[in-house]
Every structure is written in C-alpha cells, then in structure tokens.
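In this document, chain identifiers A, B, C and D correspond to the written order of the chains, with residue numbering beginning at 1 in each.
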C-alpha cells in the first residue's frame, strides 16, 4: 500500500467556517485521519505550514501582502490545491471593500490609527494569485463537499464540479418555489447548487451563498425581482452580497447600481 | 360512465380507513408551505377543504373560500412523478474488498402499496407516458416498476381549472377517462364515484355509498363541461412536430433565451419529463459506493456535456431542445406529444414563460 | 425482472498502452456464468465503471467470435477515463452491456468498404477494421482514410503501415497541419478522396468529429455515394445506456439504443444543427 | 546570578480559532514586553453593513465568525427588534434560546475536545488523543454533533445557519423532527454530566488572579440572549448603556481593538458568566457542579474549561425543557415595520458578551453599525493573565514550559481570532 497522502488545511482571510466542514465531521474526521496524514491544520492542532503535501485545502481570501507571499508558498508546496468557500473562490463578503472608492477610508473610520493596518487594496480569490486545481464553492462549504474531494483524491480523480442551479435541488427535495408561491426574491435560479437547497426548504429566498451557477441569466432574474417590487438598489444588493466579486454577480450588481444611479 | 354511487363529503374518512384496512399507505393533497402538496395523508381533515388556488404565469397563491369543497383547485407543483420516478434513487451498491474485488448489489426498492387520492386527468395521462418510458422501452426500469406495481389510483375530475391549464387542447382532461381505479366527481354534497377497474369496483363495495341521483350526475357533468370551457389557454392545433422542426432557426428561440433562466423548474414540475443523471457516492472509507440517479434537466450544462464540448451550451439551444422534444420528438418516441396540458411549467417558471405562447410564437399561429 | 443498472465485476487481464493517452484494457467477467451468457454484436459498447467514480460508454473492440476477452480502447480524458488509465492488470472494473446498434456488418458483406475517421484513435473504427480483416473473404476492397489535426496526433502509425501492406486494402492519412517527417497528405481528410479508391456502391462508415463527418458526407454525395450507404457513429452524453436517462437524445433518437451507429438519412435533418 | 534572556519562536500556535501573535520579552523571569497581536486583515463588517437593509443583517453578520454565527445573528435581531419595538413572543424566544443552546454545545464541545484538552493531557492534537482517550473523545464528538444538530434543526445547517430573521424564524421545524431530536438530547444528558466531572478532574494548573468578570444577568435564566450587563465590581447597566462604561482603543500591534471597563481589563466568557450567575443554573447542573469540588466564583482562568462543560450540561437540559411542549406554528416570523433610530443588542456568545449597535434610517437601511466581539474584550485580560501566569512560573522556568503555559492560557479564553485572523507567533525575546 502506498504511503498515506499528506493533507493540509490553510487559512487566509476568513471566518473559519469552512474549516468546520472538517471539524464538524466528528467521528468522520477521525476516520479521515486514518486515511490521510494530516500535516497542517492549525485549528485541529497540526502545525507545519511550510510542509509539502499531496493535497491542500485553502480557506480564505488573499487580502494582505503577507497572504500574497504565503499563498505562493502553499502553491509551491502542494501537489493539488483546492480552494474552499466563497472567500477562497470569489474573495468573500469582505471583497465588498474592493468596491468602496475609499477602501482605505473605511479603515480610517474603524481604526483610529489606520497606518498600522496592512492590507492589499482588494480582497481576492486564491485563483487570482496562483493556479488552483479545484474550487469548492459555498459559504460555507459543507462536509459532503470536502470529504468528497478527499475521497476523490484517494481514488485519484478530481472532485465533481457542481454547476447546476439551486432550483434543481429545490425541486428534487419537493420544495415549494418561494419565488412563485410567495413572491420571495429568491436567488436560486442563478445560484450554484451544493447546499441542498436549504433556504427555500426553510421557506425563504436563497441569498446566493454558493455563488453563480453556470449560464446564470442574471438579467432575467433581476427583471423578475424588479417585478416583485425590489428597487434597482435592492436588486444590486442581492447580487453584491456573499459572492459579490464573482464575475457574473459583480457584473449584474454593477448594472443594477448603474440603473439605480440613472433613476436618481 | 355510470356512477357507482355517492360518497357524502363527511364520509371521506371512511374511504381513507378502508384504504388503510386494505393495506395501502394513503397519499393525498394537503396544504403545506403555501401550496397543495401530495404527501402521506392520515386523516380526511388534512385535505385542502375550503382552499382554492390562483395560478398565472410565474405565480401561485392559495386562498380560503367558504365552500366546503375539498378539490376546488387545479393542481400543485407535483404530479404523480415523485411517487414513481423518485427524485433520488439508489440503483446499486458496490462494495470493494481489501483485495480489490468488487461486489455489486442491486438496490431495487421495496415499495409499499400506495393509494393516491386526488389524481387529476392530466396526471393520469402523464402516468401513461411515464409508463411507456420506464416500463415499455428497451428494458423496464425495476425501480419505477416496483413503485408502480401496487398503486391504487383515485382520480378526481377537475372542476376548477387554473388560468394556466390547457388539458382540453391536449385531449387529456378535465375529466378522468381512464387509468384510474376509482374516480370521484365533487358536487355540493359530496362525491360521485365511478369504478375504473375491477380493483376499484371491489373497493367501492366497502364504502358507505348511496345511490347517485341523476340530478347529481347532471350537476357534475355541467361542472366538468364548464371547467373545459373555462380554460383560457391552448396549444396551437396543428402538427407541432413538423412546425417546430421546420422553425429551428426562428428568432423567437433567441428571444425566449433572454427571458429564460435555464433553471430547469419547468422540467422538474413537468409530470412527463424523465431525464436523470447518475453519479457515484462512495463512503469516506472507500469500502462501498452507491450509484444514485437524480432528476436532471435538459436545461443544465451537464445534460449535454461530452468531454470538452457542451452540445447545448446556451439557453437558446436548451429551451429549443425542451420544446422540440416535448411537443415534437415525443411523437416519434411515444406516439403522442409529451405535454398533457397541466400548465405546471407555466405557473412554476419563476419568470412565467408560457409554453403555449412560445409554441404559438414559434410555430406561427397568428401572433409571431 | 432484469437488473439493467447492475454492473458485473470484470478483471483487467492485460493492459496495452497504445499512445501516451490511449490504452486498451482486455477485460474478462469474473463470474463464469455471466461470462458464458454474455454475447455482443460488433460495434456495440459497454458501460465501464470505475469503482467509486462513475461509468462511461466505451466501444467493444474485440471480436465477437474470438476469445472471451472484451477489449476496450480508451482515451484518458476526464474523471472516469483518466481514472481507468491508472488501473493495472489484475485491477477490477464494473461492466454492463452490451448496448446499442453497431455497424451494419450484415449489409456490408460482399461490398467495398470505405472507412473515414477523424481525430485521435477512433476505437469503433478500429473494431470494424479488425472485424473485416479477420473475415477478409466476406468483404470487398477496404479503404481506410484517417485524418488528424496535427501530424503529431497520429497514433497507431505502425498499424496503418501494416494494414496498407495487405492486399485489397488502401490506407490514406492526412493532417491539417504537417510536421517534419510527415508522410501523409496535408489538409482535411477529404483531400484523400481524389486518390483513394472510393468506388460507387461502396458502403461508407464514418467516425469522428461531427464537423468532419458533415464535410465528408457532402463530398461523398458529390462522388455519387448513395446516402443510404453512409453510416455514422455518434457520441452523446450517456448515463444509463438503456434509453432511460434522456441525455443521449438527438431529436427523436436515443443514441444508446437507436445508435450509436446511424444511417445518414436518419440523421440528415439534424446533423450539423447546433444543439442537437 | 547571570542575566537570563529567552528567545523562543513557535511559528504557529495551534488549536485556536484564527491566527494571531504574541510578542514576549523576558529578562530574569520578569516580563518586559508582552503583546498579544492579532493581525486581522480588516474585514470591515461595520462598513459593509452601511446601506444594507435591516433584513440582510442577520445573514451578513453571521459571516464575521464561522464558529459563533448564531451569536452574531441573535445580537443583531435583538438590536433591530428593540429598535422596531417588536416582541416576537414566547414561541420565538423559547426557540431562539434552543438555537443558542445548540451553538454553545457545539462550540464548547469543539473547544474542550479539539482545542483545550490536548494541553492538559499532554498531546499535540485531539487526533493524537484518539488512541488513549477514545471514549472521552467519542463522547465529546457526539455532543458536538448534537449541538450542530440543534442549530441545523432551526437553521438548516450549523455554520451560517439560514433560519433566523428579524421577528423570528423563517420556518418552524416539524414537530416530528423536534421530538426525534429531543430524544437524542435526553439520551446525552448523562454524557454531559460525565463531561463536567471529566473536565474538573483534568490536571489543571493552579492559578489565582484578581479580575473583573462581566456578563449578562437575567432575573430568572442563566444568561444567554437577554439581561442587563453586570460585573463583579458592582456594575449593573442596561445593554444600551454599554458605551458609557466600556471603551475600545487601538494599539499599534493589533488590528483587533482593545476593550476596557472603566479603563481596566476585564473577563467575558463562560467563566465570567458562571462566576456571576451560578445561582441561575438548573438545579441538577448546580448539583453536578457541586460534585466537582471546585467553587465558583473562581479566580483561576483555567477553570474556563470546567465552565464550558457546565454550560454544555446547562444548555442540554434547557433545550430539553424548552422543546418539551413543542408545537409548530404556521408562520413563525413577523415582519417588522422599519423606523429610524438606534437599536442595541447584547447576547452571550460562547466566548462571551457580544454587543451590537445599529443606527437605521426610516427606510430600514443601516446608517452605522458597531460590533464588539468577545475576543477584543478579552484581549487586554489575556495579556494581564499571561503576565501573572508566566511570572508565577518563576525565573528558572525553561522556554518550553513558558511557551506551553502561554499557549494554554491563551487557549483557555478560546480567542476567536476569526473575528480577527492570522498567525499567532509566540516570540520570547530579549527586550
């Protein structure tokens, strides 16, 4: 039998929620530890940030000069690099600061001495800095996603890339469409599946935490949200939320913001 | 068809009890999450008594009304499809030994005998289509077959079509004509029952039915006729297969693609759509793996992806595939159109795209 | 009821690397009963399952009357096929089949055969070449025309050379882009048609990218080949292979059961229509 | 005696949520400089919230922290509902408390087993403990899953749950699901009780420090999502007056702001809660606590691990009681009517008091937001604690002992540096 693959979990700018996809697995995490050698996963007590590994999971966006250096090192040391979560795949909610004309100005408003704060002008996805081998979208990713990726790697294959819309899963779960039946401004029709259609099953609108699906018709959905009574500014906010820097959503958000300013 | 007898509204529980006594799990309509949903039904009180639906493209609302009717609504998002063609189904389990040997086991479900109350004519027509697909094709599908085997169907004639319904134009409703065991027609005091099979006739004997009066029969007929007349939509009355395939470059495809979300809701609620995808789900330890099939849709990228190429990469092609299949090549495959006029794809399309309007627009019946 | 979704274990008896990305797995069912029961027609395919990963349709290239090994020549591309490429002899796969309608070999008997293939390693075509060569007396002249994009893409060079040395066999090779040492012609596969023996009344089998197949059909029609004598092997996404999952439809057809081999008139209306 | 200077470098402090740094300069057993540094790459939540509609706030603030998203959602809805003068009623209050119990259970169980216990048992990680402490670990993981299951019941998932809205919940769980979960909770009570005894029996180093505990206090309940802010120095104020007595200031070496109470460090978190509210515990929790022989209020901050186990026990019993007569309601959420003004919310996150203030305009859009997470409130106290604890080890303590103790002390606060981030480097260097 081959040596166990070596695994690392690295954290960048994030809320730590995606790492919990591992830490919340309980007994399965212990099982994982028998299948792979966990080399670096600081929160779980494994510390070897500079070790070379077979498979690295990266949580968080790149947002400081130090992050930039570190992600290159992680890339160099990892045969297979998986970006996990909205921060690592699209810059995260914190990428909203990329849009602020004065990102630095914001810092000044929160910190009395902004000079001590070292940050890059933008919070960006891992793929903006180094090549990634796979991306698992979601805020947060869940255990199924990360364990599938590890299992696939053990079988020598890449993870399945889920690109379908939330709606499909919503219907498989026999969910009642909240947009049609309640007029809720659901983002399911443009959002990537993976969560199990949690929000519509709890009778609420999806807020797109899994990022854009393939072939997302953001224009048509935006118009529908307008029919439901949302203002252009509110529609823009729907797109410019958790995955605001993902291309499809950023573009849609820009368009509706322009519309908003046009109206004003 | 002559009525077998009359069931008072207050005796609906007797019907459910009789079904249970006959060994059936009973599934029926009930109000949940703001829609009428088919689920296990334990008591007649849970039926949607006094509820009415209002449907239009992209919109569905339930409201109360003060008549005692239980079936004064058209249909909800589901037909019989989820009961037979499960939205997720394990097809086989594979186990791998330490030596690498593989063992495959089938996972055919042990279906329980199920009685469905409140089946609409359009759903019976769709059931016939799914039977053709899953049971009468190259090889019958054992999963569908297992669930289909012990199905007892109690139809209810449609008397309150929605604005989105057009079963008259597809020839599938509003009256349930065949394919049921028992059919009920709701009137002011209760239900006129008609047996549609030997099992249904046998079962009717266990119900507290009284003789139906001609007046009641006439009233029901009048209601069904009025329901048919009330339908506002229809498919163009022409050879749609020929017309669609003659119009593959029609600009309307491009236009509908600007509205369509390519979300697949229409295919998911469609009672005849059968596409599904199969995937492997190994356990973390790698010792076993399940092959699972799930509802898929021709509106997804994966549906037509072959390595490196997506045959239908854009929405124009996906919508066209759906419509040309549903209204066109179904004729070649199953001898009739794949549309039974239930109108679900119109109501449950989040942006309200209307199949009858698109078909008319593309096939050119007046308004292009 | 039969179990159309159930796989059967097969063992890899031999593995042949045909090119850097193409390999052949020679498989045998481990259950002797199933092995004895299993029959296939030339040109049919199996679903080959990689444990824990997925299943893919792969043509059977061995000869139905030959030994009891099922040969599959596979190009490593995605999850399943690349994963299969890593298996070694003794490894196990899942197998179910055979499926589909193969080449019209009965109709081809006694006729001159023209095979036009495009792109890398067209497995279904190789199966039919081998089939004909083993039953040489039953078929007329055999013309094999292979086109590739880049001269370096050509695989099985030695095979082509061997075949070209056989009596009553003509082999023509073309590359869109030449390279030093290229001995074939330069251009699309149709540049071979002027020199190649394509007698009227030949039966033509096509396999390759659809753009290429369309161009070839066009050309052949001008050369007086009857459209009923043109057969094409089609590829579509496929999950169940038994006409249930709906992925492989081309208009009215399910490629898995009405195909993968179609006569040109069957496909004429939709061939080249993007999206079908 | 020779001058003794120590230079130590631990590149990453493991088993904390997020990453930060500690600069330490010691000479002859005396600390000359000590700085808990948090390089939080600024995520600027308070700015993102500006211009957002109030209904978006619960989903956005959850993203401050993946480990205590429930706390962020609870403080936020409390603040907004307060401003709207909206009382969501007993059903919602009860279920929110259940929801919060879930987060306490999962967060505390995670901390005890994955982060803290290896310190006391001499391991580098919980995975390494698996062989020798299998049963305890299994029990801990089961409790952690149970906490997650409670949060998922109401929120669909345990990290960034999606069920909460201003006015209540988007959907009521089904009675059958509640009943099934409640049975699992009942079955776990013995485990929770055993966990209290197990943590109390850990070889916890002694400690005795003078510090001020700050927590909520409620007339009847153990504090969670309601009450006044009280402190062991006699402070007793309504939530809205927090800013009068507590102040945040920036230090050059950290991106997390330091909080002080009347200019002095203070403690928030499970130990502070227990120190101030032991009388509010469920009687059987009080009994289990009495059996440990540790008396509260405690002046040993390492008793935090016991306090966490006690709170798991408490949360479990509360959830069981609160779900006893569960009936689902058709529409559990109430839409608020926006109005302009300022709302305050404070709840007890697993790591301590989490205080929010929102100023909304009359359209319900956020004008200003201020979030004060527990970790920045504890930051000054951690430094103070480290000084005391490390100096108490004496001038001859070797580097490894110092480093281990420093990590142990920091960890006992369960600092959630995700509300901050980055590497925690412990450097013991000459001044």
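Basically, a residue touches a chain if its C-beta (ideal position, glycine included) is under 8 Å from a C-beta of that chain, and two chains touch if they have at least 3 such contacts.
Note that the structure is predicted; figures quoted are calculated from it, not measured.
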item: Lowest number of touching-chain links that must be crossed from subunit C to subunit D; value: 2
item: CA centroid of subunit A to CA centroid of subunit D, Å; value: 25
item: Centroid distance [mean C-alpha coordinates] between subunit C and subunit A, Å; value: 42
item: Gap in Å, rounded to a whole number, between the CA centres of subunit D and subunit B; value: 50
item: Computed distance of Cα centres, subunit B from subunit A, in Å; value: 36
item: Junction residues of subunit C, two or more chains touched; value: 51-53
item: Residue list for subunit A, restricted to those that touch at least two other chains; value: 151, 155, 160, 203
item: Those chain pairs that satisfy the touch definition; value: A-B, A-C, A-D, B-C
item: Contacting residues of subunit A [partner subunit D, same complex]; value: 11-21, 23-24, 26-27, 29-30, 33, 38, 42-47, 49, 60, 63-64, 66-67, 92-94, 96-97, 100, 103, 106-107, 109-113, 116-119, 123, 139-140, 142, 195, 198-199, 201-204, 207, 209, 234, 237, 241-242
item: Subunit C to subunit B touching residues, read off their complex; value: 1-9, 30, 49, 51-55, 77-78, 81, 90-94, 235-237, 239-240, 242-247, 249, 251-252, 254, 257, 269, 273-276
item: Interfacial residue positions of subunit B with respect to subunit A in the complex; value: 32-35, 37, 58-62, 77-78, 82, 87-88, 258-265, 268-269, 279, 282-286, 294-297, 300-302, 313-315, 347-351
item: Residues on subunit A engaged by subunit B in the complex (per definition of touch); value: 28, 31-32, 35, 147, 150-151, 154-155, 160, 163-165, 167-168, 171-177, 179-183, 186, 188-190, 203, 214-215, 217, 219-221, 223-224
item: Complex contact set, residues of subunit B against subunit C; value: 91-92, 94, 96, 100-106, 108, 133-134, 137-142, 145, 245, 248, 274-280, 282, 286, 289, 291, 293, 296, 298, 302-308, 311-312, 316-318, 320-321, 324-325, 328-329, 332-333
